[in-house]
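Listed below are the structures to be examined.
Both of the next two complexes hold chain A, though its partner changes from chain B to chain C.
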Partner chain A sequence: MDSSKIVEMIIAEIRETVPELADEPITGADSMAELGVDSIERSEVILATMGKLGVKIPMVQLHGPKNIGELADLILDKSAG
Partner chain B sequence: MAIAVTGIGVACGLGYGKTAFRKGLLDAPNLFSVLKREGREAADGEIPFIGVELLDLPETLPPRLARTASFPARVALTVLEEAWSDAGLDGIDPDRIGLVVGGTNLMAREQALAARSYADRLAYVPPRHGHMFLDTDIGGLCASRFPIRGFCQTVGAASASGSVAIIEAMSAIRSGRVDVCIALGALQDLSAHDLHAMRSLGAMGSARFSEEPGRACRPMDADHDGFIYGEASAALVLTRSEWAGAGKIYGTLLGAGHVADGTRGPEPNSAGQVRAAELALREAGLAAADIDYVNGHATSTSAGDIAELETWRALDLAHARINATKSIFGHGLSAAGAIETTAVLIQMQAGHLHPTRNLDNPLDAGLNWVGPGAGAVLHDIRHALKFSFGFGGIDTALVIAAPDIERRAE
Partner chain C sequence: MSPSLGIEAMSVFGGMAYLDVRELCDHRGLDMPRFENLLMQEKTVALPYEDPVTFAVNAAKPIVDALSAEERGRIEMVITCTESGIDFGKSMSTYLHKYLDLSSNCRLFEIKQACYSGTAGLQMAVNFIASGTSPGAKALVVTTDISRFALADANAVQEWAYSEPSSGAGAVAMLISDEPHVFRLDPGAYGNHAFEVMDTCRPGPDTEAGDADLSLMAYLDCCAGAYDDYARRVEGADFRQTFSQLCFHTPFGGMVKGAHRHLMRKLYKAPPAEIAADFEARLGPSLAYGKRVGNTAGGSVFVALAGTIDSVDLGEPQRVGLFSYGSGCCSEFFSGVILPEGQERLQAVEISKALDQRYRLSIAEYEALLSGEAVVRFGTKDAELDHQIIPGAWPASGAGDRLVLDGVAGYHRNYSWI
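This part shows the complex of A and B:
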């Protein structure tokens, strides 16, 4: 598993959770908040991604990333540990 | 203080909206079949559950919101939207509009599906599940889409919830808390667990007619063997009669009775039912002799039907025309009182009473039934008496007057 794969998974979950973003271009450089994904939706996206990866990381450890790419790196880092 | 009904929204197996409801009520087609919605499968080797389910919901919510709303909440918005525009509530001061939602444990089916889906992976439960299965999410969603700012309240009274919502809405108007109050009987989304438990309890049928679903729901008939579930929801817009001005109305709520009879479980109690009716009649300033139409709770359960017949005899209602609305689209449970009060009002408007399906051998042939045979019958309702009862010893009755001809809603 590499970070870019996780970015793709996160983007797929964003499109599922916020259907109006289905056809919008989204990259690892975008931040969910700036895309208009609200806080409950952000939690849903992260939990669904972790569910698909089969990893369990406490949500409190996932605060801080500024964009989807950084979030993916952090998930990869925490799940490796 | 008389309370007028100025708007109606409705959904049941007959379809969405008043036009489908009115036509279906009077035509009384068979709607009953094996329940097919996911999460209503009977256990292996058990008789499938029978009932009535809604047709596909017309989607009015943006997809982003729709996926966060439970099925009962989405149906509630649909009936609210119809009632709201029917009553012309745009422009009313939002602070003077209230909403009472009737029903509890409404999202049981979707909650059971979610619990099953996440049983082995609790860590991934969507945070949304922390609020979307609360009964109060319906009022919250409604007020987020419509300018209702007086108050939102959810009331629980089992199968009398819809009627209790109406009674609480009447009370909110009478107290001066709001000028307009919407009573919404929410859809009770039963899970297989609920269905099985209610069948085991002896409350729900139908073992007897498992091969013939169309014959299963037979209120007040000698071959009844339990209530048959039907998905339903209805919203009624209430306001003070004088506040409605010269506008069109569906009918007037003249009196209400709502008592506790001291029963804990599902057993009916005729003495409590009689008391509720007497309170409603007294408030309306009428006697039983003034009632020309009775819409029973009439669930099709053995004990329930027999106790209610005793109530009608005790009140001396043998002269009044009687039918049983559940025979057409089943028992809406939390929604029953609201959608059956809607049936009363629509029959007032139509000048006809709907037939009672499957009433082949009435348990009491001495009453003035609208039977199954002749289709809808002409009858100009003046004063109706509507009963609703709920598990836990809850008995309610409403007295409803027809509007004068020139004030009738089209």
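This part shows the complex of A and C:
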């Protein structure tokens, strides 16, 4: 598993969770908040991504990333540890 | 067999004035395209002559009034549960003791752990009764919280923005005894999840600081962790089957929806349609009062319980699962049984009617209150309250059963019944 694969998974979950963003261009440099994904939806996206990856990381450990790419890096880092 | 313990009587007080949350969001220019998902409608706003003491006394008054003199004399413990304290030393329970005219043979104190305080108080009270050291004793547990977080300076309202729409005010009074007419606690059925996190705090008397994202994440971690601990202790517990109804700490309904979805996915990989139907059926009733008073902090999970008891079809006893969360953080999942006779007793309190009678503040009136010039700040030595600050909010003729703050003299707060 590499970070870019997780970025793709996160983006797919964003499109699933917020139908308004289904056709919007989204990259790893985008922040979910700036895309208009609200805090509840952001947590949904993260939980769903972890579910698909089969990893369990406390949510509070995934707080802080500024964009989707950083979030993917953090998930990768925490799931390796 | 364990003795039957729990809530004998219960009441919610949602204050004298409220604000329409949609109107507030529009006024603040908050871009909330999916506002409906947040499940917020109104929030109680404490008037300057309402403080955590008046909220608490007004919640407890109908419960205490319904007791005989002998029963009232058996209230041997008063626990005020709050994160809105008015003094570092003197507990609000002392004021409650005075204005509720309780026996002098009584333990009085106050406890704090953010929005978890009410559950902490309930469990302390239940354990006191369960200890059997004073057979037949009762304990009065009162949660009381208000939110006045824009007083510090002109920028404070911006800093508060993330939780201003959801921050409400309210108090819940619960009489705990071995005659649990309203809610019979399942003995030994609980689970905790706690860890240190700086998600939301009240670092000063009139300020709240926090990170909404981190708080949501801690809430979700705790919801799963506390339920796991509950399931570990309670043989055969099944989140989907064991509880007819659920009541969660409710900062706003949308957050409860997120936590419920998290659990249903984690435990059962349930599909979205099933999750939505289950939320409507088992958590919908719990939002009845929360969406009208806003986040009541320490009392929020019990405001949810009152909503459930008042609004479900309660032909026979039903088991309810409760999740309590307090930032910082500590949480608990526990359960109990609600009973038809408890519904009759709670409906007699007419919570909904009192909420209907609140005064609807205009945005201009709300903004004037926010500036805080008329508010008694923490540490105030002397003050006199203007009861006509918002003339429409003051009842034309009272029944003498509602407490308001008159003034402060030498730090001592003076109240009167209207």
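Operating definition for what follows: the second predicted complex is superposed on the first by the 81 of 81 C-alpha atoms of A that agree within 3 Å, B and C clash if a C-alpha of one lies under 4 Å from a C-alpha of the other, contacts with A are read in each partner's own complex, and residues count from 1 in each chain.
Note that a residue touches a chain if its C-beta (ideal position, glycine included) is under 8 Å from a C-beta of that chain, and two chains touch if they have at least 3 such contacts.
Since this is a predicted model, take the numbers as computed values, not measurements.
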Problem - More chain A residues in contact - chain B or chain C - result: C
Exercise for the section: Considering only the touch criterion stated at the top, classify A:G51 as touching first (chain B), second (chain C), both, or neither. Expected result: both
Problem - Which superposed partner A:S43 touches (first chain B, second chain C, both, neither) - result: both
Handout entry: Which superposed partner A:H63 touches (first chain B, second chain C, both, neither)
Key = second
Problem - Contacts of A:P19 with chain B and chain C, given as first, second, both or neither - result: first
Completion exercise
Contacts of chain A common to chain B and chain C in the A-superposed view 20, 40, 43-44, 47-48, 51
Problem - Of all residues in chain A, those that touch chain B in their complex - result: 17-20, 40, 43-44, 47-48, 50-51, 56
Completion exercise
Within their complex, chain C touches chain A through residues 31-34, 37, 195, 197, 199, 211-214, 216-218, 220-221, 254-255, 257-258, 261-262, 265-266
Problem - chain A to chain C touching residues, read off their complex - result: 20, 36, 38-40, 42-44, 47-48, 51, 58-60, 62-63
Practice task
Using the touch definition up top, name the residues of chain B that touch chain A in the complex.
Solution key: 62-64, 67, 121, 123-128
